[in-house]
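The following pair of complexes shares a single chain, chain A, combined with chain B in the former and chain C in the latter.
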Partner chain A sequence: MMAFSAGTAYKADIYRNMPLTIPPKMKFFFEETGHIARFTGKFFTEGFKPRYEFQEFLRQCFLIGNKSLSLVGLTAFILGLVLTIQLRPPLLRYGVEFELPYIVADSVIREIGPVITALIFAGKIGSGIGAELGSMKVTEQIDAMEVSGTNPFKYLVVTRVLATSLMLPLLVIMSCSISLLGAYIGYNIKGQISFELFFGQIFQWLPFSAIIPSLIKTLFFGFAVGMVGCYRGYHSTKGTEGVGRAANATVVISSFLIFLIDLVAVQITDLLGFTS
Partner chain B sequence: MPAQRKNIVQLGIFVISGLALLLLALFLIGKNQHLIGSHYTLRAHFENVSGLRTGNNVRYAGIEVGTVQEMTIVSDTVLEVRMLIKRNMKEVIRQNALASLGADGLMGNKVINIIPQPGDAEYAKDGDLLPSRKAVDFDDILRTLSGTSENIGTISEGLKLTVTRINNSQGLWKLLADSSLDISLRKTAHNLQTATSNAEIMTRDIRYMVADVKAGKGNAGILLRDSAMSLSLQQTIEQLDEVVRNANKLAKDLDKITENIDHEIQQGDGSVNLVLKDTALAGNISRSLQNVEKGTASFNENMEAMKHNWLFKGYFKKQEKQKAKQQPPKSSQ
Partner chain C sequence: MTDTTTISRESPPVASQETVIRISGVKKSFGHNVVLDGFNLDLHKGENIVVLGKSGSGKSVLIKCIIGLLRPDDGEIQVFGQNVTELNHDELDQVRARVGFLFQSNALYDSMTVRENLEFPMRRHWIKLSQQEANEMVMEALDNVGLAHTVDMMPIELSGGMRKRIALARTLILKPEIILYDEPTTGLDPITGKEISDLMVELQAKYQTSSLIISHDMKCVERTADKIAVLIEGKCHALDSFDGLKASADPVIKQFFE
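Right after this comes the complex of A and B.
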């Protein structure tokens, strides 16, 4: 028994004295992952505790949702129009032009609409959140809030992340609808189809499995954009330079995360049989 | 209205419109897939559903009336397809309606067509089993097409052989290359035309002739139509019959006479039988003829001797001169 104890203590000494061989970049990556995980965990613990910053949440919803609608709507309209005009010739070649409304709708609703909207959202809202919180951090407004008795995490982070998570699916619904409107106009530029027939063909074949998984993944897109923006802003350093870095990093990381979540979502929906 | 309140209203409009669009889309999808609304179920059994899937359309006389709800395997050769049908079709679809498997175009989605059938039957109720028809299998079509293509191959092979033979035929090409062929053909056509017109004239004449005969005109007409002529003809025939009978009798008499003569020749005592049958007489006659021949030769000698006799010499010379005069003078060469 004694021998075992002595041996264990010896091994512990070896590990303690062993030099850290992890490369600095990897170490930084793991550290960041750990920090983000803790930050995300804090969102869930703080978010469900009263007191709720409802007014700030509504204000953020307005700023994030309503203020992005024009940009998202315009982009979506162009997207639907262009997609229809470009898809028409190959479908004509194969003699399946009548399938164009459904093909455009399926691709817009399942993939293009959510991903493009989320990327625009990351560029506009994610960078805005990162820059706003970063400037508050470097000007010590967050510290001041803490001193004044307001929970800055609840007020700044929880409200923004909830707002991005809920507003992005709504924006995606809007953008997909506007895209289909653009597709209808695009179809009528080259060909001719009635409004009723166009949307009739879409909803004749469109399954629920195209809409529901798409909305669920946009919820995660919005959460990722909000969380990354808040984290980078909340932890920004080095003055005004840090604000710019926070905004930039938010866009880059959240764009990457959007594609990563999309990949995972496709795998899950495929496993559950929602892709057909 | 304060700015913050205005923002909240705008936010409310945004959220409500987004949710309304989502609900509208879900409603339209549900309506098209017959998940919303009042429905009843019909069943049909198939041997093979050829890739039919849950949610595929069900059509009645070409109109969409429902969707495929479920497919279950009843036994190793029977599949049961349950269909969700709009409730307003309860007063339309009868129990004898035929469920048939079809497709939207050649490559389109599978559909079930409910085809109304003649005859009186009760309306189909919830859970009723409709009779089904075997689907036209694409493999069967391909198999038939394969047989057809083989036949086409055989036909084309035969055609190829025929064309080769035509190509190798010297006579045909010579005929085609003959520049006078058209003239010959034209002549032939002309001759044919002439022959046709002649035939027409002949036909017309025959028609007239027949009409004349019918009218009793001419010899043939009289022969065929005149009753008096018919009577005399009958008499003539009777007389001919009599003549033939007499001739027959005469022939018999002649035959008898010939027989008698033959008998007389063979067995009679007359000179004919003696000449023909007596061999001694034949020898005598032969000898007599030899004597006559000898006598004639002796006479010729005597005559020749007389020619050289001075008494008759002058007579013979005179005769030769007369003979020479009677002959025509010979033409000089």
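Right after this comes the complex of A and C.
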């Protein structure tokens, strides 16, 4: 009985001390989630208030879009080409080779194009934003901006997040088009099909509505990449080491969020009947 | 100041009784770390005060509170008679247009040329200027620091001393009435450090500015200070001239002069 009482008292002590014994990693996770939520909330409150940094927004759109064009284009071309070459033998085996243009286009437009482009975008643009803002933070350039009569959050964060949200869907439209061009060339390596017939087959079966969910989810991908890059850079500490960490964390967190948003998006589009 | 090549501080501009910065009972903590604990100081018009203290004693925190980059936990900071802790963003910007801030790391924008760096504060404070007027102001500021030839260069192409001079030119471009210097000679070799100190004195005499200088470089302190405020344990431990403090018997103050 004595032992039972002692055990009960011991357990009660554990429960009493529970709030103090939250594992540090879990505490860090919740704190970080709260900070990101507050940072995102600030984006919406600051973003709609004048003064608008329109010129800087346009400059960021040009830089972000222009910087990714060649890499996204090349990757998309290879993707379409490889996908077509690899899908051809199994479709031949089942005697449905004529379906190849539609199958490639459907997978590229609905899933592979947006996700692969977003991952490349996170690696190139997201890490760049994280490193740039991190470097500005540790060298006091953000403070200097504030002293110079500028709201650094609007000038640096709002413009970049809006630019990534707008430019990624445009890049995805471009990358999907180049992928389909790659697929057409891939088809003609071993088979023969005219340009008109190839694209005619695609648009005969692929509804225009298939593009809409892809572009909407891509907008969220772009928002996530921009927001994470800006958050990690804006709160960078510990000098140059912190800058490297900001860039690295941006890629890791953005990539994870891209898959998470994709998972949610596919459920929503399925519910709304966009997948058929 | 026996060195004849040095800008003389023997006849500094006469400080008036008009107070441009009044710091009263300012307290600032970060978690359990108390940095400022009731700091008091008055800066008069035309006066140069150096805030002297050990590394990590809260000197940079103090001037960041003055310019509104940090908010004190308690106390009052009046700049031109306005309490900066109570100003809204627009009012604070109006005060900031009259106060220059030289950052310890220079804080030049890496992605902009020297010209764009200097134009940035003018554009952001909505000063209406034609391109020709803006160019003239940029060239005047660069002439003041002897670096007119760097106008189209990028900050990365400049040496440490040149970057410090460009940062000083950017600070001066709006002709501020007060300049806050955060460790202006840190990271510079003794010769460049002396040049920067002399330049600060020269520009103060030219534009009749008041300055609050954060430093623990005694050579810079000796060259630039009308008065020295010693910051110890978050409080203004002593306020006197360089010679007055040098003669002090207080062991805490003596440490800085040994």
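Observations, loosely collected:
Here is the rule we go by: the second predicted complex is superposed on the first by the 256 of 276 C-alpha atoms of A that agree within 3 Å, B and C clash if a C-alpha of one lies under 4 Å from a C-alpha of the other, contacts with A are read in each partner's own complex, and residues count from 1 in each chain.
The working rule: a contact is a pair of C-beta atoms (placed from the backbone, for glycine too) under 8 Å apart; a residue touches a chain by one contact, two chains touch by 3 or more.
These numbers were taken from a predicted model, which means no experiment stands behind them.
Set side by side, chain B and chain C differ in how many residues of chain A they touch, and the one touching more is B. In the superposed pair of complexes, A:Ser177 makes contact with chain B only, with no contact to chain C.
By the touch criterion stated above, A:Ser148 is placed in contact with chain C alone, chain B being left untouched. Only residues 4, 7-8, 10-11, 14-15, 17-19, 21-22, 25-26, 28-33, 55 of chain B touch chain A when the two sit together in their complex.
Here chain C touches chain A in the complex through residues 64, 67, 69, 89, 93, 96-97, 101, 103-111, 120-121, 124-126, going by the rule given at the top.
Across the complex, chain B is touched by residues 58-59, 61-62, 65-66, 69, 169-171, 173-174, 177, 199, 203-204, 206-208, 211, 215 of chain A.
The part of chain A that touches chain C in the complex is made up of residues 132, 135-136, 139-141, 143-151.
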